[in-house]
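Across the two complexes that follow, chain A remains constant while its partner is chain B and subsequently chain C.
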Partner chain A sequence: MTVTDIATTIDGDRAASAVPVARRPALRPWAGLLPFGAFLFLFLLLPTYGIVEKAFTGDGSPETFFQTFQDERKAFVGSVKVSLVTAALGVVFGTAIAYAAATATRPRWLRSVVSAFSGVAANMGGVVLAFLFFTLLGRQGLGTKIVREGLGYDLYKTDWFDITSFWGWVTVYMYFQIPLMVLITLPAVDGLRPAWREASANLGGTTWTYWRRVGLPVLAPSMLGGFLLMFANAFSAYATVYALNNQANVVPVKISFGLSGDVGVRSSTPYALATWMIIVIALAMGGYLLLRKRAERWHAS
Partner chain B sequence: MSQVGRHRFARLGPNLVLIGAAIFFIAPILSTARQALQKVPMPLFTWGTLFDKWSLAGLTAVFDEDLFWPALWLTLKLAIATVLITLTLLVPTALYVHLRLPRARPLVEFLTVLPYVVPPIALAAGVAAFYRANARWLFSSQWALVPFYVIMALPFTYRSIDAGLNAIDVRTLVDASRNLGAGWLTTLRRVLLPNLASSILSASFLTTTVVLGEFTIAVTLNKQTFPVFSFQYFGRNPQGGIALALLTLLGTTALLAVLSLLTRTKAQRAARQKIRMAAAPLPIP
Partner chain C sequence: MRHVNKTIAGLAVLSLVLAACGDDDDDDAATTATTEAPATEAPGTTAAAATTAAPATEAPETVPAEVTEAPGTTAAGGGGDLDALYQACLDNGAQVNLIALPDEWANYKGILESFREKYPGVENPVQNPNASSQEELDAIVNLSGQPDMPDAIDVSPAKAQEAIAQGFFEPYVTSVDAEIPDNLKDPDGHWVAAYYGIIAIGTNTTIVPNAPQTFADLRKPEYEGVVALNGDPRTSGSAFAGVMAASIANGGSPDDIMPGIEFFAELKEIGNLIPTSVDQATVISGETPIAIDWSYNWPGLRGQIEDAGYTVEIHFPSDGVYGGYYSQGVVADSPHPDCAKLWIEHIVSNEGALGYLEGGAMPARFAALEEAGAIDEASLAELPPADLLSQVSFLTDEQVAAATAVLEENWGPMVADA
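Right after this comes the complex of A and B.
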């Protein structure tokens, strides 16, 4: 891919220098991107500008912008907690599943089923996903009953689990976080050449040395990048958590409260929250894009 | 011996991981199917009633809801409009970047992932903030959702079309077609679009699944789309809502299965064609 890129670039340069007179103004070719740029400007940039403007005008100001962060600290803590936990668990389970699927030889369809299913499930979420888990782990859920009758453990008599509270959200989020991680790490796992493992074994390395000195360092950029992407993914999720619990104390639900005219807050509050949210996600995504470049170095070509 | 032993148990860990994953991902679908298709009151879903009263009544009940058909129709209209706008915007842009402005590729790729940074709830807030004040007609129209759905699907759709262009030698195809005297429209219609068919198809299906599932912006802007209806229906009638969730899941899966079948036969046909062309003797002009 990069080779053809370079080739076309060189070609283009040669074609340009072959016309010695009347060099075209350098900006003209960029006009072709105008429709696309205008669309992004109208429907992505202007709304974003609208958010930031509303956060700082009217009853909003730089002071209230920081005050909002203070006031809604609990919502931010809730969002960050669920994002960190689901991203960390996603890294562990996603990488393990990707490795297991990539190295399995026996059912030949296994790998394609895993990657096709991951493609579907990673984009799931929202209302339907919440309903699926109500039927499994809700108070009357079938899974809840199986655990109660089979293991004698009543999830709803414990103080930690409820489908509408933290560990419930985490469980539901894993349904799209794990597949997302599988999609991200599968190419990296494919890049682990069997020869490296043999080389490590020939040099006297154990399985543990192989993973610590070769496997994990090669996978690390993908794992960290996946972590950041999943963090952003969970941080921005609204429909799933709202369908599970419309009183959930997380940032997206607070924004929707504010938008629907919840009394007792400044009218600039939801926009200040949305601005904070964009900042957090931009940081995570920026890190992801940087790491992806590094991760692609070892991808099998 | 230890070598053999290690080999025998080397797959134990990975296989356990795969089995565990299969259970986690299939269990919610099974429990949903049971609660949707069995006419049993919620508390009575136990092992003892596993084979009682299976019926499709739960699924079909939703068809009698007054708001079901308008919501479904609205979402389908939105999906079609979103696909059309996505394609008219992205196919020419991606082609242009490939042919005329390769140095803009990193920039365009960066722009297409920007929608990730503005999550749906923030985009909804932005639409409310900017368009409610400045373009009320757009804000209140039922089509208002379309441009924002195009934006939301952009990271997937652009990548899919870009990958399609990477897979074929666009420049050579265009040059060949132009040398044979074809105009731009003919080149597009008879050379490029057939070659891009599978990536255009997958971009369309991805867009459709985004529109079929989108809840956040629709509910914030107060539009009665299908996901919004599903949510409200679940509130009125939980068992019906679960049945509808199962239907939605089946519908989406069927859509994606059709997609993979269509693209696969397309790819296979193309591969066969290539082989045939390679095997055929060169035509003498």
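Right after this comes the complex of A and C.
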């Protein structure tokens, strides 16, 4: 067998296999998506359909759908308010902590402790968390007592603090919002190379110039992503806020009024509210995708 | 109630739907509870778990036989029929699926235990003990045709009407039907109300030394930031009762709940009312030092508060006497209809009645038991005073519906969001 023979054989093989190879790529990527597609269908599309369908059947109609939003405007305002505030605070503190943990060199274990703790705390919420804060900052809480008896300052005689009120929820939410932000931004902060900072300094840039022209633009996409993720996180929180305040005027609590309970008759209202909630969050996520694309395009050039 | 709100982490979009539908979260909790419940099916476990507490249920053992045979018993059944029912239950699953019966509620722990003692071999797992009445109805729909579908339910009167309308009940007339007052049973046998209670005000006297005795007392400035209702009256039956009782205390009536709403609006305005729900955790931590709840929830709670090192005082406000019951019935097309009937027979039996009494609840057959001499002085200890109980008249379905509508419309603007 000569070299040319081998070459032709190979070529021949190629030619022979050319047909199936050319066809396969069309299907393969889709086959890989199948499990994800099935998951999406079962756990996202199907439940969404179920909710929307119930919002418009029975006593539900387009009129009641819009009326529900009108009636519960205050709940949406309440939800948006607590979500915006906790997401904004989360971005500020989360990014700062992520930066500190990523750049601190002295205790070498610091970084791993911060990220391990964040992993746990970001997934902590609900009744347990609310109860922990009650025992710390509730009216009979340990922290409240220490401040009252030690410093002579009664938190509950002030206008601004009450664990069951708005700033109380914000305080509790921060317990999972900040760690979530740390988890999101830590990889991005790691991407900030020391060389960039040195280069900026070499060219006469101050710390401020560095952050304004290098650091923040690089971090922006993940900060933005974190902001919207935390917005959705806070918007959807139910157990935590309900345990803190069973009269809380936020959408998830209003939905639960309609879905469970001993008193009222079930109607399409909770489903209409849930549909509105899906719309709000879909808008937030759509905005996130647009902004992120823009930020990344800028970042790439 | 007890679910974690944080499914979010990676898949933001997915979380939206999970969250958007608060119901899913509840289902999670329900599932957890459900998976726990079957564990009790192992015969040994149940008995072991239950015998650790409430040994007092042994006392009534001696009484029942004679009283069930008493002349008052209906023609519909005597002891023989119950034996046949027990046998049918043993032959058909030997299990009754229960739901939404918290251990500390009206001494259900003791009543569940006495059922297992009286009917050996029949299991009575309780799914999702803290479920609301609506969640009980949901469970009937969602678990329909499955072996863990609820066999018997205990729901608020409002939800009982809904259940009748939906055909969820299988009518069943108990063997002691004649001894149950007419206002504590459905004329068509869909449900019986085995017990009822009135609204009580419990106070943690370690934190608040001077316990309020009436609704009027709750206005005092010394109770700033310590008065709690058990939930939101727009959704919680016990909070609804608290508002209705306050209404009666303030010039309202079963037809007029408005003064009650105004009363709590005032309590909120002066800072006495706090929006924290009354449950084991908040009561034990002292976060709800003064709590308005059903009289029959207090004996259970009191023990827990005392174990936490506090002292407790319970008062039955004489200015706002409001009585309420829950409706118990057999679920239609359930997996264990015979055992379900046996369970209903048990809760209206003497053992069941004495069990409720121990939990501070007024059993429906109180008069019959008293006549038969089945009640001793000690078992009355937890009961509200007789002169208050005698004032109790229950709301009609129309009154409940009317009051609910007024609450829905006014509680938000006047109290919750004010």
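Just so we're on the same page, the second predicted complex is superposed on the first by the 229 of 301 C-alpha atoms of A that agree within 3 Å, B and C clash if a C-alpha of one lies under 4 Å from a C-alpha of the other, contacts with A are read in each partner's own complex, and residues count from 1 in each chain.
Please note the rule applied: contacts are C-beta pairs under 8 Å (C-beta built on N, C-alpha and C of every residue); 3 or more make two chains touch, one makes a residue touch a chain.
All figures in this text were calculated on a predicted structure; none of them were measured in a lab.
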Touched partner set for A:256, first chain B, second chain C, both or neither: both
Which of chain B and chain C A:278 touches, first, second, both or neither: both
Chain touching more of chain A, residue-wise (chain B, chain C): B
Partner chain in contact with A:44 - chain B first, chain C second, else both or neither: both
Which superposed partner A:131 touches (first chain B, second chain C, both, neither): both
Touched partner set for A:123, first chain B, second chain C, both or neither: both
Partner chain in contact with A:289 - chain B first, chain C second, else both or neither: first
Partner chain in contact with A:247 - chain B first, chain C second, else both or neither: second
Contacts of A:238 with chain B and chain C, given as first, second, both or neither: both
Chain B versus chain C as contact partner of A:145, first or second or both or neither: first
Shared chain A contacts, counted only where both chain B and chain C touch the same residue: 43-44, 47-48, 51, 123-128, 131, 134-135, 140, 232, 235-239, 243, 252, 255-256, 259-260, 270, 274, 277-278, 281-282, 285
Chain A residues within the chain B interface of the complex: 1, 5, 8-9, 12, 29-30, 32-33, 35-37, 39-40, 42-44, 46-51, 53-54, 93, 96-97, 99-101, 103-104, 110, 116-117, 120-121, 123-128, 131-136, 140-143, 145, 149, 174-175, 178, 232, 235-239, 243, 252, 255-256, 259-260, 270-271, 274, 277-278, 281-282, 285, 289
Chain A-touching residues of chain C, taken from the complex the two chains share: 1-6, 8-9, 12-26, 131-135, 155-156, 158-159, 162, 207, 225-226, 231-237, 240, 274-277, 281-282, 285-287, 289, 404, 407-408, 412, 415-417
Residue ranges of chain B touching chain A (in the complex, touch as defined): 11, 13-15, 17-18, 21, 24-25, 27-32, 34-35, 42-43, 45-47, 89-90, 92-93, 96-97, 100-105, 108, 110-111, 113-131, 133, 147-148, 150-151, 166, 171, 209-210, 213-216, 219-220, 227, 230-231, 234, 238, 241-242, 245, 248-249, 252-253, 256, 260
Touching residues (chain side chain A, partner chain C) in the complex: 43-44, 47-48, 51, 74, 122-128, 131, 134-135, 138-140, 156, 164, 176, 180, 183, 228-229, 232-233, 235-240, 242-249, 252, 255-257, 259-266, 270, 274-275, 277-278, 281-282, 285
